[in-house]
Amino acid sequence: MKVGVADTTFSRVNMGRYAIEELKTHASVAIERVTVPGIKDLPVACKKLIEEKRCDIVMALGMPGGKDKDRMCAHEASQGLILAQLMTNTHIVEVFVHEDEAGNDAELAWLAEQRTREHARNAVKMVLHPNVLEREAGTGQRQGFADAGPARP
Amino acid sequence: MKVGVADTTFSRVNMGRYAIEELKTHASVAIERVTVPGIKDLPVACKKLIEEKRCDIVMALGMPGGKDKDRMCAHEASQGLILAQLMTNTHIVEVFVHEDEAGNDAELAWLAEQRTREHARNAVKMVLHPNVLEREAGTGQRQGFADAGPARP
Amino acid sequence: MKVGVADTTFSRVNMGRYAIEELKTHASVAIERVTVPGIKDLPVACKKLIEEKRCDIVMALGMPGGKDKDRMCAHEASQGLILAQLMTNTHIVEVFVHEDEAGNDAELAWLAEQRTREHARNAVKMVLHPNVLEREAGTGQRQGFADAGPARP
Amino acid sequence: MKVGVADTTFSRVNMGRYAIEELKTHASVAIERVTVPGIKDLPVACKKLIEEKRCDIVMALGMPGGKDKDRMCAHEASQGLILAQLMTNTHIVEVFVHEDEAGNDAELAWLAEQRTREHARNAVKMVLHPNVLEREAGTGQRQGFADAGPARP
Amino acid sequence: MKVGVADTTFSRVNMGRYAIEELKTHASVAIERVTVPGIKDLPVACKKLIEEKRCDIVMALGMPGGKDKDRMCAHEASQGLILAQLMTNTHIVEVFVHEDEAGNDAELAWLAEQRTREHARNAVKMVLHPNVLEREAGTGQRQGFADAGPARP
């Protein structure tokens, strides 16, 4: 299993490092990492990891700023990531942490690490253990903050 | 007839289970199910069900949260689902239940089950009984809450 | 000349019936009709009418609801219809009547019928009489409500 | 050099006529014109001018209305025009005049004519005189209203 | 290494000139430059630089105006640039300076030059020194204004 990890210099947390650490804890994986300036550079970076480096799945890690323009960038990047997946029939796990989700730098760093690690585990499940995900269907999972849980307890 | 069912661990209701139950009640169908973390993972999951598992139609089941960011995710997922359909010439029935459509958890669970079941019947009609849908043209059908009915009664 | 007509069960007016009636009045046409649940199902339905049923042009008929979520659905469907046209080099005439364009059910029914009929005539012109459209260039045509007319009378 | 000119019957000014007049003044060009009902019909109309009529460049002329729904239509049409260009590796010069850019009908007519003529000259430059455009880089050119000029005079 | 530089006559700063200057300072590069009227012309211009001029990477330089309509243009252009990258598996470095990011013309000129130069260095790193970018992962880099820095100092 080969996992691509794409992250950015714009992010204020080294999300790529946490992703790689967590991936290696949960599976015997080869890693291809690439760092680009910002989240809008991620779609093609991920597509290249899939097509040129033969990754089975890719994690796209980014930290959009808190302004309106940043939200639009995140939207554009997300659309591009979905398109890249459709063009390659390969999953790209988007892990975006919006700067305004956290109240301060410490919480931001915690949230970025936590969400990255949880999604790294999701990436492993998607490729190696799809039946585990099916057992979690409809259980209100969240990555980073607490799970919402099922509506019917 | 082979039907793909894609749902999420983010959803707070096991929509995939209801879809499969209802599909089996109305037709002799083979089912391919896959569960992904969130709605933005659905487009490529559905495309893979069509192209790699040879499904004739797919149901994409998701439950977007009630915040602005969640609405944007739903929009991005919807665009991706439409694109996946155009790339495969195959229908994907989108069944999204927005968390803020319901007043409480019980209503949310009811709505998610009801809408999923009604759309499962639509999926069967689209593949096996298109003439039934044509007879319902312009009658103001809704899935979940009450039908709107025709403007000219 | 073969015209595809795609409409929905969500619509509160049987727009497909008016389209077919009007098309037959103005040209000797073969019709392929398909009815889908909602407007987001229209893009692939129209593409299939073009590619699988060999239609020369398609009418996509829908009636989005009046809420914000409905407006977003209409936007997503429109983008999909434009993409379907670009993938097939074939025109799809979008006829959307937003529920909040009319003050009551009677006006809604009138508007849906009127706009559908006018666009059916446009569809015929686009395929058979492009020179008629060229003569109407810049004249402020509207479908349903009154024409705006040219800015320089 | 062959130039495509696509305009609409929705527009309140015959923008196609001004485009053709201006193009003929500045270059020895063959013209292919097509008129469609509205701006959302322009993307595929332009793509067909490129692929079926072998145009070297196309002008897409439209006049979106002043309401929110019209702005959304313009957005959808613009995305389609960009996609049509990427699918054909051919420039399409979008000339949109929003009805609410002008205070009255006379100004609207003036603006539509002026912007169309200036963009017709741009189209000629893009194909025949790219070095002229390079000399104008960063000079704050506008089409219709007065130029903004360079930030460093 | 061959770098494409696409800029606009709409911009109020000659961003292309700064890009070329900076690129030549940091690497032995061949340059292909093209100037188009506005930012919506950039996606296909960049795609042509990649496919017809064989550029290894492209810089897309633009200066959107400060009004709502301009923001929408920037959004449309950005989506097109992401799509162009996905269609070519080649990076396009988007350098957009929004007119309303600066308080006056002098600051606007400074910001446009600064951001262009910093992104030119990024373009060189992306092609020739990807390991340098990886070392900067998660350090909160910004182009133009001051860096945000890492959340955990």
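A, B, C, D and E label the chains in the order they appear, each numbered from 1.
The definition used in the following text is that a contact is a pair of C-beta atoms (placed from the backbone, for glycine too) under 8 Å apart; a residue touches a chain by one contact, two chains touch by 3 or more.
What you see is a predicted model; the values in this text were computed from it and never measured.
Within the contact network of the assembly, the step distance from chain B to chain C comes to 1.
Work out the mean CA point of chain C and of chain D, and you get 25 Å between them. Distance between chain centres (mean CA atoms), chain B to chain E: 40 Å. The residues of chain C that reach two or more other chains are 79, 83, listed in rising order. The touching chains form a single ring; listed from chain C in the chain D direction they are C, D, E, A, B.
The touching residues of chain C, when paired with chain D in their complex, are 71, 75, 78-79, 81-83, 85-86, 89-94, 98, 119, 122, 126, 130, 133-134, 136-143, 148-152. Put simply, chain D touches chain C in their complex at residues 7-17, 33-37, 40-41, 43-45, 47-48, 51-52, 69, 72-73, 76-77, 79-80, 83-84, 87, 105-106, 108-109, 112.
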